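After this come two complexes, each holding chain A, first together with chain B and then together with chain C.
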Partner chain A sequence: MASSIGQYLKHAKDAAATIFEGMSVTMSHFVRKPYTIQYPDRTAVRVQDTLPLRYRGILEVDLEICTGCLACERACPIDCIVIDAPKDKVTRAMLLSRFDIDIAKCMYCGLCSEVCPTGSIHHTTEFEGADYSLESMIRRFVKDPVLAYKAKKGEETDPLIAPILDRGMEFLAEWAEPVDMKKYKKDQEEAAS
Partner chain B sequence: MQSFIDGLIASGVFGGLPAEAIYPAMMFLFASIVVFGFVLPLVTITIWLERRVWSRIQSRVGPNRVGPQGVLQGLADGVKNILKEDVVPDAADRPLFVFAPYLLVWGFLATFVVIPFSSALVIADLNVGILYIVAIVALSAVGVLMAGWASNNKWSLLGGIRSAAQVVSYEIPAGLALLPVVLLTGTLSTQGIIQAQGWAPWDWFLFHSPFTFIAAFAFYISALAETNRTPFDIPEAESELVAGFATEYSGFRFALFFLAEWGSLYVTGAIMAVLFLGGWQIPTGWTNNTVVLNIAQLTVFFLKAYFWVFLAMWIRATLPRIRVDQMMSLCWKYLVPLGFVNLVGTAVWMVIWPEGNTFVPYLMVVGTLALLVIFFRRVLYHLRRAKPELYFNPAI
Partner chain C sequence: MSLAGYEFEVQRDDGLATEEMTLNMGPQHPSTHGVLRFVVKADGEIMRTALPDIGYLHRSIEKISEKVGYHGFMPYTDRVDYVSAMQCNQGWAMVCERAAGIEVPRRGEFCRVIACELGRIASHLLSVGTMVMDIGGMTPFTHAIREREKVNNLLEDLCGARLTFNYMRIGGVAWDLPPGYTEQVTAFLDQFEPLIDEYNDLISYNKIYVERLANVAAVSKEEAINYNLVGPNLRGCGFQYDVRRDEPYSIYPELDFEVPVGTGEVGTLGDCFDRYMVRIKELKESCKIVRQCLEMIPDGPVLARVAKKLKPPVGDAHVRVEASRGDMGWYVVSDGSEFPYRTKIRTGSFSAMSIVDKLSRGLMIADLIALIASLDVVAPEVDR
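Take a look at the complex of A and B:
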């Protein structure tokens, strides 16, 4: 009998003591800085700017260096890329009259940017694609038909196109080589500070 | 108030309307002014405060977009809820289903009648005040059971029945826990109970004797259970019963359930402040201005009430939900015997020291302060262990 009363009182004491301890733990959390950050407008740096070059965001096309080879259209496993590249009737040069990417269908596999010879089609770090209609999810890159890019022997000399081509090549190199995580982390710390 | 209405009738504002029609109309008018001008803001701010407190304890930010620091979040939620479709299930018992939320809201709104916010600000100082509160709070059990039954849904029915069992059980320890105070004051009037206490902590009934100290916490635990708060929220246990008795409700009626839940949370804090923390008692003699005095009393009362409200939020962020059988054993095996011990102990105490012990209250205050010091040493210990980034600013 005495031991059962002791048990009874021990239960009450244990309950009070454990609640006391639990409350002290939660109170210690009450004065901590929240871990969550307020997205999107109260981050120190835009989240898109902190992502690595090889991040597979929404696709983008640099029409200035697109050769119209249709490799990306063929590589796409779900046919979200549609390209029309007719020949100009007079000059016999290749025109680009349509370059549509349906980002509602796109699954961000990256096969198109891997096969692109100039790095014209590539992923950006943009990932906010929400919109109000399916129609607006189709990115139409060609407004008026433009001439397809023709690779030259040796260096690109056009001052307008050269930097774009360099950037495209940078994308290709990034895909070919594994990323240097140490360098990436260092860069990100610099960007944050 | 009657003289005010009589004056209005005499001045001819209402034309030739009979007085029998004017009195009820004016009562409805004043009641709606009280509800919309006082209770609704109170509840929305309590909900906002609760969400912010949880967020900080869970290392989140919480609502801070609508209005300054998100204070108007409740307004936005309320507007959203009112705009939603009011769905009544086909198989539901329609009259009961529609009526149930109002019973719940009445149950807590009616308690505001006897809550004394200051020495002058009380709607009616009933001589059965505490008994009236205990009786009227039980109305919410009827509402919850009605909602659970009328929804014609297994989750709702289980939630309603659990709630009814819980409220009926915890009425007993709650009633037993406030009996020591009634013994000490010899009155059931809320103003009388406050006037029997003083402004200083050692004049409060919380520190009157060890028995009243335990009775205060027994009453608080029972009140948490009666208002379906965590760790006693088994009537609406999300992981088992979806939303319990509120499962089938939507739109405005759903909002009414939440109005009642957080409103009764504030009522709990207010009753604790009245019974054990000396209510609106402040040091007198520093002002002769009645308005200033009443505002100061109101502020003190709100601070005391919100201390208990904050404690309930903190408990909700700390403790997990207990099982049904654990809840029942806590009630019948622990709180009810404790209530009888407190009652008899206080009676014996009053026989030995009819005017109250002059030494023990001071000892109780010192002991509580020592407990607080131990508590904050534990908090500091946890902070030292984790070495977190501290952030004391309540705004974010």
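Take a look at the complex of A and C:
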């Protein structure tokens, strides 16, 4: 009987001691810098502006530099991108008559922007996409059919398109450059010898 | 689901008639970590059986792989275990590389391991945090989540997403480390490692917490092997097995790290506390691995050129990776076309479900929560 009371008191003492140990950690947080931020209205800068360039937010298309190559449509695993690019019957030039992205379906995997040759389709840092209807979740980028962009030899000279292309290349530069491993190894061996 | 064969008669010495009670825990119970249902047959507070009813989160991920091809399946592997998606990415990338005979650049392997170990830290932090919350302690959860948020920020800088990373590609990784990443990660590790000890002060050795977990649902070594427990659950029983060490892949053989095991320091070997403590110790080991990788990482490319329409030769391949919830098996059968003929994913949470019925007999209903939390079951990984 006496031992069980002693046991009970020892447990109570241990519990109290360890609780105080834990509480000292909690108390020490009163003097530390707070880590929480008051989203969305009390942040110093917009959260979107603090995100890295790689951030995979809602997709955006720069139609001015879209070549109509359909690489993104083919790469998308859930077919949320729909592009219609018929050839103009008279001039034989490629027209973009439809470029829809269903952001309700999109899973932000980045496979489409990885394959884009000009960086036309890319992720923005925008992530607040809530809306009232499914129909409004489909982003339609083509208002009137436009001519597809044709890559030029050398530098882009059009002053309207050059900055957009530069921005697209900035997005492209983030992705890793694939290398041919056989060639790479050969080069390494040559450099070593 | 059928409970045939699990009926029982309640007999009491004093002649009072009692009835067995069937109780549904879940599918929307906050402590089952996802949509998971347990059919509990109880006599008062004492459980006779607790049968897991799985399948609520089945998304036929394996079947999807047969329709989207090898490259397109990569984002879906994030959804196999969304708490630690990096290792799932690595499993799929590795099994495709083995099937098609692709070599990964050395820097790519280092990027993979850094990302995986950061992912493991995030996953174990969530695991220990929610475990304490399930037991009833609210504060430690916020401490764990705060640190996990910092890991998520690091991974966001690396690959642009916080949970469904889609970081790896067949043949390497999609993004190289961003500039200044080494300093960022080192700064995080420097401030994080002391916080593990602080976390231990806060909760791990708290008397009430220890009493709640010690001697609850102890698993012996033999049982664990018979029921196919893997990962921290297996190591919690004192059995030292880690795929990273015993069946090495990637660059793990070059790294120096310990495999922590349960020691039964507060009660029986293999009880809930041991499984919990293994995860705490693994946090430190993961920090160690990340530090070594950041030191050893060579220059060079991170991604090998792979055909857009990958067509591995006819045959099959199997790899195992050590995910946060243990040994994860990836198996793919190729028929020479651009779509896999069959994909099979074997996960740690699924095999952990089989032992719940065995362990729950004779436990209190409240201890079932401690048991599930200590097994670190993630429902999407059970069903896939």
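Heads up, the rule we're going with is that the second predicted complex is superposed on the first by the 141 of 193 C-alpha atoms of A that agree within 3 Å, B and C clash if a C-alpha of one lies under 4 Å from a C-alpha of the other, contacts with A are read in each partner's own complex, and residues count from 1 in each chain.
Simple rule for what comes next: a residue touches a chain if its C-beta (ideal position, glycine included) is under 8 Å from a C-beta of that chain, and two chains touch if they have at least 3 such contacts.
Computed from a predicted model, the values in this text were never measured in an experiment.
Legend: residue contacts after superposition of the two complexes on their common chain; A:Tyr108 is shown touching chain C, with no touch to chain B. Of the two partner chains placed by the overlay, neither chain B nor chain C lies in contact with A:Ser193. Once chain A of one complex is fitted onto chain A of the other, the partner contacts of A:Phe20 are limited to chain B, with no touch recorded for chain C. Counted by residues of chain A touched, the larger count belongs to C, out of chain B and chain C. When the two structures are aligned on the shared chain, A:Ala75 is found in touch with chain C, with no touch to chain B.
Of the two partner chains placed by superposition, A:Ser3 touches none, neither chain B nor chain C.
By the touch criterion defined above, A:Thr157 reaches neither chain B nor chain C.
Contact with neither chain B nor chain C is seen for A:Ser133 once the two complexes are overlaid on the shared chain. When the two structures are aligned on the shared chain, A:Phe30 is found in touch with chain B, with no touch to chain C.
Shared-chain residue A:Gln38: touches chain B; no touch with chain C. In the superposition on chain A, the residues of chain A contacted by chain B and by chain C overlap at 11, 19, 21-22, 24-26, 35.
Only residues 53, 55-61, 64, 314-315, 317-319, 333-334, 375, 378-383, 386, 388-392, 396 of chain B touch chain A when the two sit together in their complex. Chain contact summary for the complex, chain A toward chain C: residues 11, 14-15, 17-19, 21-22, 24-26, 35, 51-52, 54-56, 75-77, 107-111, 114-115, 123, 174-181, 184.
Within the complex, the chain A residues that touch chain B are 8, 11-12, 19-36, 38. The residues of chain C lying in touch with chain A in their complex are 68-69, 71-76, 102-103, 105, 139, 146, 149, 156-161, 164, 166, 171-176, 178, 198, 201-203, 205-208, 211, 300-306, 308.
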